[in-house]
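Next come two complexes built around chain A: one with chain B, the other with chain C.
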Partner chain A sequence: MAPQVHIKGSIRRHLITMLLIGAALLAVLLYFVVQSVARQIAQESQDNILAASATAILDNAAVIDGEIMIDLPYSAFSMLGDVSDERVYYAIRLNDEFLSGYEDLTPIRSNGRSPRTFGSMDFRGEEIRTASLQRPIFLGAKSGTLDVTVAQTMDGQRKKLARFSLMSLMIGFSFFLLTALLAAVAARSATRPMHRLAASVSRRGPGDLRPVEAPVPAEMAPLVSSLNSFMQRLKHSLAESEEFIAEAAHRVRTPLAVVRTRAETTLRRVEKPENRQTVREMIRAIDESSRSAGQLLDHAMVTFRADHLEPKDIDLPALVIDLVESLKPLSELRDVELKVGALEPSQIAGDGILIQNAVRNVIDNAIKYCGQEGRVDVSVLRQGEHVQLVVEDNGPGFPDDPEQNLLKRYARGENVAGIVGSGLGLTIVDQVVRAHGGTLDYSNKTGGGACVTLSFPSC
Partner chain B sequence: MRFLLIEDNVELGRAIVERLSLDGHVVDQAESLADARDHCATADYDLILLDIMLPDGDGRTFLAEHRARENATPVIVLTARSEVSDRVGVLDLGADDYIVKPFDFAEFEARCRAVLRRRGGVAGNRVTRGDLTFDTLAGTLHVGGDDIQLRNRELRLFEIFVNSPGQIFSKSKLVDRLFSYDEDVSENAIEVYVGRLRKHLTRSSANIVTVRGLGYKLEV
Partner chain C sequence: MRHLILSLLLSLVLVPVAKGFEIEEQSRFGPGETTNVLRVLSTADLAFIRPMLLPFLSKYPDVAVEYTVASSSEVMKAVFDESQSYDLVISSAMDLQTKLANDGLALSYTSQATQSLPDWANWGDQIFAFTQEPAAMVLSNKAFEGLELPRTRQELLSVLRQYPELFDGKVGTYDVRQSGLGYLFATQDARTSETYWRLSEVMGLLNVRLYTSSATMIDAVVTGELAIAYNVLGSYAMNRADKTAFTIVLPSDFTTVMLRTALIPVTAKRTDLAGRFIDHLIERTNEAGPSLLQLGSADDQVDENSLRRIRLGPGLLVYLDKFKNRSFVNEWESAILQE
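Coming up: the complex of A and B.
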């Protein structure tokens, strides 16, 4: 089971949020900028038209016989746009003396330098924009300054501005949408190398501890390099523990071999019955300890390999033939007939070393416990989706006590007194079988004898 | 038989040599791969016993060389490792068999016998005593024109008698050599096997006789 991963935040979500906030701010800014520029441009164009209109009136002012004649040109008002939309006012004054137009429309006085001044004001309850132009005029005694003020209501202007507003709102909003889309794409592509790395690491087999070599973005380099160095260390310590298992076996077994060989030689020379008995017991004790050491190491090895299972296709019948061949001398020693029964062609996925170890343990047990001149039959059968390896003997079988679980560590049947064993054999077998998704069953045959069945899923 | 034992542990080597000598075998001991190569170059062996971890290299290197030289002498690997991959590895490299230390000499002999049988035997695996011929490898007894196939324990028991005709063996000694030490058998079990051998020998002039209070011996 993979340990639980604590999740806090998401880089992608964070990235998207930040980009969206940025996009929203920019969109609002864009909206205001566009609106203010539009307002300014509209104002300027209105001012220009008002000024042009006032200029046209001024240009038409003529002095005839010392009198000012002003013929209001039609164009002066038509250029102000659709008259039905807007109301246009004007006032003409000479030296502040009202001549024509709307008397209450007062000109805006600037500091006097520029001949044109513009302004906004309330006039008859409406906001208007006015432009005032002055021109000196020579009338003899009445010489002075002719002042023309043209004003226009701002309804049309306001409508135009509202249109601009809407447009800039739309521009801002589409800008926001576009940026959001880009943010999502950017976030996805920014996190893609991470997903790719995660996928490539989780796709690996449990024993695959090679460093990650695919190129990664610079930001991920520290992560990948510490991952690589972690795997390096793991590989090293795995190799060390494997080495340790082998080394321990060597250290324990070689001195035991010396003692056992010496004891056997001694037994051949000793004549006195009580001395013979002592040496015999010594040999038994040595056998017991070497078998236990072997099985403890097997147990460690099996645990180690089962944790790092790398399944390969195994030809079970071929494996059985090899094992039976190699165990034959052992069975012959006890005059036990070890035979291969039915071998139905079948393949399973697993670790060959573990499967071999398990099957060897089961056959070994059968040879050991089946008694004088017994028979052991090994067969491989296909049962639907499963492959069964069956080891049968004609010995005393398993003890009847249903309470006793022989698969537990160091558990031994009650009817095996006098036979050397560690009680780890079936535990190891069970461990191997379960690591391969199979089951171990042991039972007694009706006609007598034990029957051990290992079932594996076939492949 | 003539063995070459390649084992760097001096004590274990000496113990094995001593034990094999008891059965009348000749054993040369090499403590390194270099030693072993010298021995192989100067003498012919019936069987080579090879340890894996040696001071000047891996026993598997020797094995590969040995096979490359097309030397037909069978090799049994002695390994202290329990890991099966090791065993599989040496068989792939051309070892005839392997045995895990510490080993039971009965099992060891059984493996030697099986290996030599597969290889077609060695000179002198036939022993003639009086009117009977005994093939120690095949386990056959040739008496009066008949071949009798002995079972393993009968074979080993008969081998003990045949190798030392006239010598008296006590039941207790025979039990030790016939049964593995983890089996609880009474000395009377020997009587069964002696009985069977006697039945096989009815047509021969040789016989296994009981020496009251002492044991059995083969009379030719």
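Coming up: the complex of A and C.
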């Protein structure tokens, strides 16, 4: 059948792989982005609450009788312990002079002039987040800066981040799954036009060499346009070879026909019996070569037409009658009685020229090999879904050599004994029958004589 | 003089001054010849702890307990400044316990028992509450004969205003400058309601007497020296034999509830025994049922809605701040001393 296609890789698989790799990269990226955003938000919220605490302390600082008083509100620290049991440290300084809190907690100084600065540091073996806020304060004549630093451990923060981390992992993973699904769908839909093209091309009849006209995606345009131009060339060369076959047949047959006519004219004029015999043999030889040449050309023609079969309804009995009529002169020349047997009305779908050619070859063989006082019967029978064309003769039959396949090209039986032939007849018949979905059977009848059956599906 | 003591107390809290701390009582329970000795430093006296200690000893017969009683400030001094090696610190001074844990002087401990505690009874797996002890008004039955007993601070206020001659010099409360617990109760009262300040002023006008312990205040009520003791540890009053002389009132506007807590200091040697004792304290108090830490059998009066448990946590550090302490004490003095 169709020649094997060598496959290397798959566009769809490639596409899916690339998309999956992309999705995986994006998922990882997403994971890190979500995590870093979460970290930032968590940090900001902790910073805000630390700043709020420091602000509450600063707001409650006042100078009374030249002395600084700070009425720390309960909420300043209780708000820090709201979410989790974090440790809280603080330090209050006036112009770098320690006033209250934890003396070893040093404020973080920013380079800029911002009154709030945040930072992370190690304090008593634990990581803490600190917020330092400043406020100018007037103590009698001199003024100073009150600095409040509030710090908090980060256990809760860490727990929160671990939760966020898990969450972003899940987001990344589900993103990946979703993209994988989309990738599969995308790959499928991307290759769909290709499948559609392949289907539409293989659905075509053998003779259908029209260019593909359905719109295709841009990427497939080069393929389709080269396919179209390929078909164009094919169509052209097919037309050429058909022409060549017809031309060749004509060129071979015409001179042979001229020679035959001359030989017949000569036969009429020749009187000596031995000379007449020679001329008659000459005519027969011309006929045989003409037929052999014809068969060679037929073989080529059949090969060509069978590949591009365009079936039409054929009335088989009518075809048989016509053929038998045209072969009558030949059978008479051989002293063979050619008769039409039962002709059951039947129709098959096929190429009329090919069928005619096949049937002619079978009848021709029967006439050729049936010998002296031969008889050939042609009949058409209906067998259920099939139509059978049977050609019987009363000759010696097929040689019974099971090794030899007479259907092969140039294969001839050992019973030919000087009978001219090309060995292509049955080859052609077999080819035609198979092109029409039928079968060829040849066998010998029990009472002697060959029987060739062509059976076609009826329509 | 008072200022001197106050600044001393504060310096103990904030500025280390290394001197030996003062012990009130010390005794040893359990077998004499054992290496399993649990050293407990506590503010709760022996009478208070004995009912909790004895079942522990019979549960672990090979464990001995060395029990040392000291005031809350001395306990703080021992652990914070002197790094004395105790396995367990039990204290009613929630603020000081919080400070110990916050400053990294407590070890973390988790067990099934600690995990069963409600949120408010466990801070950072380091401080574990095992009692709830309400601040009560203890009223002399004799002094209130023929009078309706006040149930709220407002009612107390109006009874004081109505009969000043009856209560002059007969109202007692903690001296917040000398008692850590008194300071804790006062600051929480002030935080919860402005009524506290009005009450303080009225008490000041009536020449309030100041005490340093619940026990002496209750004594004074029993002897008739006092008609009213305000912010007394209800658990102490409840356990007295001479209960008939007074009535314990848990103010129904709000009742401040102190949580007695235990923690394992970083200097502990037998953390295993300490953990066992903590579990024992929690489980023992849990026996009471779903209300968990029992309210020292304050009976029918307890209304969950009026309870204000003092919250463990950094909020308490505020009152240990030098400035906050100074401004609170100033305000308290001007309200209550009326000089």
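Basically, the second predicted complex is superposed on the first by the 304 of 459 C-alpha atoms of A that agree within 3 Å, B and C clash if a C-alpha of one lies under 4 Å from a C-alpha of the other, contacts with A are read in each partner's own complex, and residues count from 1 in each chain.
Rule of thumb we're sticking to: a contact is a pair of C-beta atoms (placed from the backbone, for glycine too) under 8 Å apart; a residue touches a chain by one contact, two chains touch by 3 or more.
Just so you know, these numbers come straight off a predicted model, no measurement behind them.
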Kindly classify A:69 by the partners it touches after superposition: chain B alone (first), chain C alone (second), both, or neither?
second
Per the contact definition in the header, classify A:398: touching chain B only (first), chain C only (second), both, or neither.
neither
Between chain B and chain C, whom does A:246 touch in the aligned arrangement: first, second, both, or neither?
first
Touch check for A:284: first (chain B), second (chain C), both, or neither?
first
Does the superposition put A:329 against chain B (first), chain C (second), both, or neither?
first
Using the touch criterion from the header, give the chain among chain B and chain C with more contacted residues in chain A.
B
Have a look at where A:118 lands relative to chain B and chain C in the superposition and call it first, second, both or neither.
neither
Set of chain A residues, in rising order, touched by both chain B and chain C
none
Complex contact set, residues of chain A against chain B
245-246, 249-250, 253-254, 256-262, 264-265, 267-268, 273, 276, 280, 283-284, 286-288, 290, 294, 297-298, 301, 326, 328-330, 332-335, 352-353, 356-357, 360, 368, 372-373, 417-420
Which residues of chain A touch chain C in the complex?
68-78, 80-81, 85-90, 92, 99-102, 124-126
Taking the touch rule as given, give the residues of chain C at its contact with chain A in the complex, in rising order.
14, 101-104, 123-125, 191, 311, 313-319, 321-324, 326-327
Across the complex, what residues on chain B touch chain A?
9, 11-12, 15-16, 18-19, 22, 53, 80-86, 88, 97, 100-107, 110-111, 113-114, 151-153, 172-173, 176, 180-184, 189
